[in-house]
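Next, two complexes with chain A in common: one pairs it with chain B, the other with chain C.
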Partner chain A sequence: MKRLQLQRWSSTVLSPRARTGNCLHQQLYTAKLRYQSTASSIQSESAPYDAIDVLEDPKLMSQVRRVHKHKSALAYPSPPVEAATRSAKLAALHARLYLPSRLPLQTLARTLVDASADENADFNNESLATLGHDLLTYYTTEHLLCNYPRLPLTVIFAAMYAYAGPKTLAAMAKEWGVEHAAMPGGEVDPGYLQFQRVEPGTDVEANSDLQSARPYAAQKNWRKTVTSKIFYDDEFGDQIKGVVSTGSGSGSGVTAELASATFVRAVMGAIYLHAGRPAAKRFFEQHFLSRHLNISELFNFSQPARDLARLCNRENFEPPVAKIISETGRKSRHPVFVVGIFSGQDKLGEGAGASLLEARERAALAALKGWYLYSPLNVRVPSSMEEEGAAPWKPVYVDLGEVIV
Partner chain B sequence: MPVKGIRTVTAARNGVGAFILQCKRLDFHYCNFGGSSRGMLAFLTQTLPRFAKENPQIEIRVSPRHQKHPMIKGQYINGNEKSICVRNLEPEDILKKAMILKDASGDKLKRTKKPITSLNESVRGIWSPYHGDLRGV
Partner chain C sequence: MATSIVAPKRPFLTLPFLLPSWTDSLALGSRRYQSSYRRTKQRLRVKPDASFGPSHAGQDQIIYNPPSSAPTAYHTPNKFLPADDARRSMLVESLNSVTSNVSELPGVYKSEAERKYHLTPSDIEEIRNLRMNDPMTWSRYKLAKRFECSPIFIAMVCEASPEKKQMQKQVLEAVQSRWGVKRRMAREDRQLRREAWGRDE
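== the complex of A and B ==
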């Protein structure tokens, strides 16, 4: 498969041409063009500063302007492009993450500007985050599905959340040493993550209007099947939130967790655009897949013995039978029973417990986990076919799926 | 629903995939007047540019502290700060102190008792009296 010329795409992220996109935008900014790059034309010094004149006090404003050496910084809600090369924080972050040198500091600065800080879609990280989010979910999904083909769907949702959920991404941003700006603004060092914070006391869950394609979505207490979650919900099995109200300029902010997650996704998208697919995949493997997750701890069975019986029935095994392997102190205060679950001659699982029932449950649990956590050896994921000179594709193992009870 | 998923967060393993240097920022403080800063002033002019170039991951700030001993402060990703006073030291010794701060993880120093710590379960498992070679009493 031929590699696409990504450099050409990435030029749209930075080129000044893209700046003057639509007609409305041209009308609004005819007097003062705001460039995404310092390459072709330097921002004119005579740019008017009315954008920041939200502070009514003229005395204070004049003082603020005098203090700031780079006056162009005050013209827009996010730092100007030329500030990116002057920021020590930004350069340090670039080096700390071992980002490819083809990813310019200007784009890295853009990934740090949330849509709630700068509404202009050409200068915030929303578009990069969308791309990065799709890449992240794609790589995580294929890794999980190919490596653990028998996982139940609810566990896949949980594993997806653990690898690429907002909590993990926010933790990663923290581990990368990204600091948050107290308030977004043009004069802020571009090395800080900039977003508008939520007002204290705001109910974060309440104001998100759920826009689901699911029929009868308004019926909150109706049961939602796992199958319907594949169709209607997002990759974590959560209901898809409506258009996030950050871009609408209503003044409502985002939580620090959400802003950090958007930043991490935007970095992924920026790497893909500037350095190409191999670099993006390497970045994913080094920063996301290398994290520790014990998938066997993600299961929460309600009735393992029943599930195991159904599973044996489906797979045409002999029905499972629980047998005591060893025991001690049956009449004492601390009895211990070791119970094995057998299907014919084969021992499916074994567990120890303080009562016979507990031991049987544990044994059934061990048997079910042994089945669900099957992982084939030498797995290849579909995206490995995108590499040059990849070996012919061999189909991966596809399982029937979890038992239905 | 037969089985539910439990939501968790993956744990970071710094160095397994990518390695993130834990030292975020180094602040170099000096005094233009004091004699204890003489070595520091020489360090700042001669050694620091190369040190900064070799460690681009670290943000470096240089600022005067009038009438005080020279000092190096390190800011770490976990939020901690470590500082070393470098009064009357030669530039080579100051570089050693800067390397100490650079290589530190930011955690408090603690005694390591076990040779290995791991997130993974032990392969052997916990010893059980009910398994293995059962002997009759």
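== the complex of A and C ==
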């Protein structure tokens, strides 16, 4: 398996001149051509000033140029590309995140422009965010599924949300020191996150079920099964949100949380495009997987003893029996019982409680967690095969599935 | 009033925060800091408690260090490991010695109910008829006593009629309406505690 030459992509993929000339693209982009590019600023700088060069007077020329520059800054909804190299905030962010030097400041500036600030798809971060979101969810999913192959689906959804959900991404953007611009515009420092804010009092959840392919989506009270969530909903088990209308731009806006999340995803996509797959994976491991998540706290059982009995029946173990391991103060006001659940001679779980019933429930819960939180040794994720000289693939452990009562 | 003038157990000199802050009144020049590294180190060089040492085999002891704690959920029990897992064979001999006396341990319940599978489909039909036609006489517990099974089995087999359910609901509401604040809160707390078991809190 050979790696694609991504270095070459990085120069061409973002330049409007080297774009493949298919009909759709020509139709879309010839209508409102912007002589800016996120790739190189040499041509775009010289192009508008051709007419001014005729003037001989240097003083007048500099004044005209200044006015012209000011006008050009206001002409577009997002800061011009050449402003990226002059922004101290942007350079500081680049250095703070220890981003690869192959990722230019111009692209980093582009990741900070939300689609609500600049509708032009060549200058906002929507495409980068789409790529980054797919990468993030793919890496998170394979990490969870390979490391904890027995997790119930609801717990996987919760863990996915904790690792790569919008709230986490917004918190990360805040930790990275990314500040929000009050209003997007061409004169804003490109180091600020630029997005059109939601009008106060707008119902954010109003058009939530517009895009759902689920039949009978209008029935709010109907039960949604976990299995149907795989098919109809997004990777966090939530309903797919309707796309914010990209029409006039004045009425539409995004929340700060969503804009921050889009920015983090776009950074991931930009690193992938400019620095390649290994750098993207390293970035993911350093910034996402390094966040501590205690998966054992995500469980919530209503009847653990019953589930455990069903599990032992399914796996052909002896039926679980609760036995008192130790106790103190049975006749006192604060007794403590330590109860173990045994299947044959093996202890499955152990729990302590103030009553025999509580200790037994907790022991059954511990046993169930012991089952669900099994993690194989020497785990390899499928994407590790993309590295050069990877060892031959050995299939990962696949479980039967959670206990269904 | 006698209790208020009892002398403190420790002399004042060992409790320096009770003394007036004489250091503030002194000049800055005469203030002395324990700035040497050696002195600070010396203070930290405390002998560990005896309970941290090797266990006293054969002797009774009260203090255990480190204190006992619940086993971590990330430790998979030996039985739950798949057959090809390397940890399975490694753990087998160490665990055998510990859990050899499972049958000697007392059970949680006084006596495990013997499971009898003696009810026929005709019995179940009769249970349903009795409960549907005369729900006031034939409650779950009475049916369980008559057919020698558990009330849970009766609940699995049949359901009370809607009128009976409605009546029972009204009875419960009447009882709950007589509860005061304390009892109501205690019941709610008990329910919340019970839900916390499932989250392992």
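In the analysis below, the second predicted complex is superposed on the first by the 339 of 405 C-alpha atoms of A that agree within 3 Å, B and C clash if a C-alpha of one lies under 4 Å from a C-alpha of the other, contacts with A are read in each partner's own complex, and residues count from 1 in each chain.
Keep in mind that, in the parts below, a residue touches a chain if its C-beta (ideal position, glycine included) is under 8 Å from a C-beta of that chain, and two chains touch if they have at least 3 such contacts.
Quick caveat: nothing in here was measured; it's all calculated off a predicted structure.
In the superposed model, A:Ser343 makes contact with chain C only, not with chain B.
By the touch criterion defined above, A:Phe301 reaches both chain B and chain C.
Residue contacts after overlaying the shared chain place A:Leu356 against chain C, while chain B stays out of touching range.
Contact with neither chain B nor chain C is seen for A:Ser252 once the two complexes are overlaid on the shared chain.
With both structures placed on the common chain, the touch criterion links A:Trp176 to chain B but leaves chain C unconnected. Legend: residue contacts after superposition of the two complexes on their common chain; A:Thr130 is shown touching neither chain B nor chain C.
Using the contact criterion defined above for the overlaid structures, shared-chain residue A:Ala367 touches chain C, although it does not reach chain B. In the superposition on chain A, A:Val226 makes contact with chain B only, while chain C stays out of contact range. The intersection of chain A residues touching chain B with those touching chain C, taken from the two complexes, comprises 297, 299-302, 325, 352.
For chain A in complex with chain B, the touching residues are 88-89, 91-92, 94-98, 152, 154-159, 161-163, 165, 167-168, 171-172, 174-177, 191, 226, 237, 285-287, 289-294, 297-303, 306-307, 325-326, 328, 336, 338, 352, 368, 402-405.
Taken in their complex, chain A has these residues touching chain C: 296-297, 299-302, 304, 317, 321-325, 339-340, 342-353, 356, 358-362, 365-367, 369-371, 373-377, 397.
Residues 70-82, 85-87, 95-96, 98-100, 102, 105-109, 197-200 of chain C are the ones touching chain A in the complex.
Within the complex formed with chain A, the residues of chain B that make contact are 1-14, 16-18, 20-21, 24-25, 56-61, 77, 119-121, 128-131, 134.
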